[in-house]
Amino acid sequence: MTVIGIDKVSRWFGNVVAVNDITMTIGPGVTGLLGPNGAGKSTLISMMAGFLAPSTGAVTLDGATVWRNEQVYRQVGIVPEREAMYDFLTAREFVVANAELHGLPDPGAAAQRALATVEMQYAQDRRIDTYSKGMRQRAKMASALVHNPSVLLLDEPFNGMDPRQRLQLMELLRRMGAEGRTVLFSSHILEEVEQLAHHIEVVVAGRHAASGDFRKIRRLMTDRPHRYLVRSSDDRRLAAVLIAHASTAGIELDRTEEALRIQAVDFAAFTEFLPRIARDHGIRLFTVSPSDESLESVFSYLVTA
Amino acid sequence: MSATTATRPPGPPRPPAGIPAAGSGTGPRFFHPTVARLTYRGLLGRRRALLLFALPALLLVIVGAVRALAGADDSTAHDVLQGFALSGVVPLVGVIAGTGAIGPEIDDGSIVYLLSKPIRRGTIVTTKLLVAIGVTVAFCAIPTLLAGFVLNGNGQRLAVAYAAASAVAAVAYSAVFLMLGVLTRHAVVVGLVYALLWEGVIGNVVPGARTLSVQQWAVAVAQKIGRGDLISSDVGLSTAVVLLVLVTAGATWFAAHRLRGLKITGEE
Amino acid sequence: MSQPDAATAAAPPPEPSAAPPTDVIHNIGYRAYEGPRLGRGYARLSLFSQSLRGAYGLGRSAKSKVLPMILLGVMCAPALIMVAVTIFTHMNRLPVQYTRYAVLLQAVITLFAASQAPQSVSRDLRFKTTPLYFSRPIERIDYVAAKYAALATALFLLTALPLVILYVGALLAKLGFAHQTAGFAKGLVSALLLSVLFAGISLVIAAVTPRRGFGVAAVIAVFVISYAAVSSVQGVAMSQERYDVIGWLGVFSPITVIDGFQTWFLGATSAFPHAAGPPSAVAGLVYLLVLFGVAAACFGLLMRRYRKVGLS
Amino acid sequence: MIATESLSKRYPRVTALDRLTVDVTPGVTGLVGANGAGKSTLIKILLGLAPASEGRAAVLGLDVATAGPRIRSLVGYMPEHDCLPPDVSATEFVVHMARMSGLPPAAARERTADTLRHVGLYEERYRPMGGYSTGMKQRVKLAQALVHDPKLVLLDEPTNGLDPVGRDEMLGLIRRVWTDFGISVLVTSHLLGELERTSDHIVVIDGGKLLRASSTSDFTKVTGSLAVEVTDREDELLDLLDLLTAAGLKLRRSGHLLQVDIADEDTYDVVRDAVAGLGVGLVRMEQRRHRIAELFIDPESADDPAGDHGPDHDPGPRHDPDQEGGSSVAA
């Protein structure tokens, strides 16, 4: 169980502030780091990886300072965003070298374990420069896993992967998280983050915008009515009873969709009221579909707030 | 927007199968064989390695032509060894090997695989330096020795003297260019300008600059070894040795210092 | 008013319905293009002119104009001085032969080739613009030919402009017209051949690497090292009084190839030690073959280089 | 627009395309394929830049083997990677590319100004491109593919590297290229959800072979199962599970969702009443749609498109089966 602590961290480059007074704690499980381009995600990951000193504040790993502390790498595995590796090596040579650099007692065996984890043994004796993007990504992954780290930092790991490779990597990260490792990855693909991460950290313009389960974050946005699309056996009657209820701010009939579009101001009251009232009036509900509950909506609310 | 703090769910229960298998405690201090292997393969595995072979080959071709033209002539041998081998081939090979030992890795970002390991960064620098020195010596001092024997059969011990000078210069050049490789992405260009202009032209022409030229320090060593009075340096041997050691150690320390503070961010 | 005057004048007082509409919303949405699509030859010419202009920094940032313009200035300055000296001291000939000028200023020419060849081709590789070119109606040979021709033309401008200055100056100084014209013509011929040779060699080197710095350094290194090697061995041959060897050695570096060629075929005075040009007709022929062979080989190598550069 | 017939491309070590026969009609067509297997090779062949090993292909009715330059003057191409020199302005660059496509100088300038405006680049078009954001660069790349008014554009991963907002804007732009400009689009992407939103048709290539090609609505047909989510409290979810099971419904849990097989119309009422009876909130109840991703799932877990693996290790939030309420599917 390893915890990354980020305490009042800022990082500036000249007058440009990339990370602005961020405090967060990343614990075991899978955490997604989100933010628009240029929000400071890479800077933050670089600081967690010990590649960049915070201008102020402290980045720690189980209490130990990360910057200029090579010993933390015994517990940290890093999958960098950049593609370059030692292309003139085979994956096996590359991962063995990484194991040796970690000073592992049996580098060969450790490398085989790591390559097996990412299912790359079939291609381990080919030079890395013959690999596709997805294979490279897995070789990078193997090198990060070879010393069995308790922390994994991945910067845009899904970049350039095809659908099947994405599914495989997602499965692998999920497994790593389930084993109790602290897995932090950044991504722009909200669909994937939604499927993978228990927990998200959102950074906007260098500031820490939100933290937690995105659905719970959504519920905290009490100033944003929840939008619903509801289809029923009797839309007009349903609309009439709903509009009388305090949880509902507005209803309109969408003729193209043949459904009701509802704005609910009190999420809890509305979701409980709807099935009850429908039952009491004998209205059959076909579709009850929230249209801004997805991570995508939550994210865009956070970014534009 | 209201404050957003959601409680996080408890993490998955099981700890990792085994917290990192600790290595052998304190690692090697000056030389890490794996770093050396990666460096060495990187140097000889990239396209610029061709230049490492081309320059000594060119030296030997020219030397062969000169020998055929002029026979075994001490003065000619001295001119070629100093004017072409020591002031041309050695700095150029030094640039390629010195910057090539670390520059490309920093440039393409693959250095993170070395830096994200429990290894002192000083060790990475000294290991890479040793490899660069080895390569430079192999591709300079040995061809120079051969060239000397071809030219005049080691008359006045010129071959040995200049081979030794090449080796000494190789050490200093490797350190200086390795440092350049850490400092700037344009290390090869800066290094070439330095090698061609300072060492090749100014160091040979402007008297004052000669005291501050690795080449002249190396010549001081050659002067000590060679017989006869063909070889002459503007710098005394002891000054030369002190300067060589200072430059080598200083450059190495500075490279290590900069590598410790090397910032690595994403693509931008 | 959009109505043409003639129409208004000819027409009777306009009725309200025929009046041009004054309240309109024009459609500024997407417009289809119905005009001509000029195809391959035009595209090749566009690439040529863009590359040629680019060699002098035209159409690029102010910073990139600095070096080529300075080099052009440095290249012309000695010619201007010589012309001035010739005119004011009433010399009866120019202080330098037309054919010798480029040899004297080879360092400037080398610097120009070394700085502009990579800017022409390495940049396309580095910023991966090449795929965009090949997605246009040109073929590989068009790209290579346009780039080659553009750099050769840029070099020719660089080497020929000072010759023009010399020639005009010579005529102003009233030196013999026929003699000067013949010398000028020979100078232009070898400037042209030099441009083709230098352009080819520097483009081949530059096309190997996407990194401009490497390209610049490598081109300079190749020209300087080959010249240094040739002249140092020539020096040794000189001290051994082996003049025929001096003549032969010239084939091993670009500028000495030009020197040997113009010595044999254009009757120029050689810049080799002891002015020892090619020693025999065979040697002269070899110089000719080397000159054209290397240029052709460079073109071939460039074609080969871009064979694999499709879209990725 | 594009028709291939038994098109194959074999390299010494791999077969990139294996007897591919597809017919791409006007509109927006999404192209999905595994990495290193066929996509870029197909684009090369379509542009007449690489010969096919076997089979035929025609673009806009022109044979790729003989009419390469003609095709390339009528087709636009936006590469996946960066391709913009940083020290040139967008205007300079796009004008040059317009001329490379055969537009006379005056037309090249006018169309550049128009096209840059259409892709949403305004005062920054005179600044060197080195200072552009990823989103702006993608717009310039799109502009250079459109500037000569092609009949078809090939867009290779146009949303690569964009953040969510930038991606939305780019997808909107791609839709407009077809609906407003009347230019057909072939767009590749690894993000299947993105293609479901943008494309009229989708072609899936796997291992160089055609896996499936059909309209997007065919890919995303509704399934016979109902996704139900209630206000998330673990106990209530389990209670609901028991209640519905007791009512004789077939269902399984997947993360915080229950997937209920729709037996008949009454199923809706059973669910409604159970939720109302428990007094919990009904967050979601909608018919699941098929997703393209299902094509890439191993058969044994085929009913589980998001790759969830049962409740024993909670994978966290699942993807909404149909987050845009059905309106996302371009018909």
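Chains: A, B, C and D, in written order; residue numbering restarts at 1 for each.
The rule is short, and it goes like this: a contact is a pair of C-beta atoms (placed from the backbone, for glycine too) under 8 Å apart; a residue touches a chain by one contact, two chains touch by 3 or more.
Here the structure is a predicted model, which is why all the values come from computation and not from measurement.
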Separation of subunit C from subunit A in steps, with touching chains one step apart: 2
Selected pair, greater C-beta contact count between A-D and C-D: A-D
Longest centre-to-centre distance from subunit D, chain (CA-based): B
Chain centre separation (subunit C, subunit D; CA means) in Å: 47
Inter-centroid spacing, subunit D versus subunit B (mean Cα positions, whole Å): 51
Distance between chain centroids, defined by C-alpha means - subunit A, subunit D (Å): 21
Between subunit C and subunit B, distance of the C-alpha-averaged centres to the nearest whole Å: 36
Contacts with two or more other chains, residues of subunit D listed in rising order: 313
Per-residue overlap in subunit A, given as positions that touch at least 2 other chains: 38, 178, 198-199, 213
Per-residue multi-chain contacts in subunit C, two or more chains: none
Subunit D to subunit A touching residues, read off their complex: 32-36, 133-135, 160-167, 190-193, 230-232, 265, 268-269, 272-273, 275-276, 279-287, 292-293, 296-297, 306-307, 313-320, 322-327
Contacting residues of subunit A [partner subunit B, same complex]: 1, 27-29, 38, 42-43, 45-46, 49-53, 68, 70-71, 73-76, 78, 80-82, 84-86, 88-89, 97-98, 100-105, 110, 143, 147-150, 155-156, 177-181, 198-199, 209-213, 216-217, 220-224, 301-302, 305
Contact footprint of subunit D on subunit A as seen in their complex: 30, 35-38, 132-134, 159-167, 170-171, 174, 178, 188-191, 194-199, 213-215, 229, 257, 259, 267-268, 270-272, 274-276, 278-279, 284-291, 293-296, 299-300, 303
For the subunit B and subunit C complex, residues of the former touching the latter: 47, 58, 62, 65-66, 69-70, 76, 79-80, 83-84, 88, 92, 186, 188-189, 192, 196
Sites on subunit C touched by subunit D in the complex: 29-33, 35-40, 42-43, 46-47, 50, 59-61, 64, 123, 127-129, 131-139, 310-312
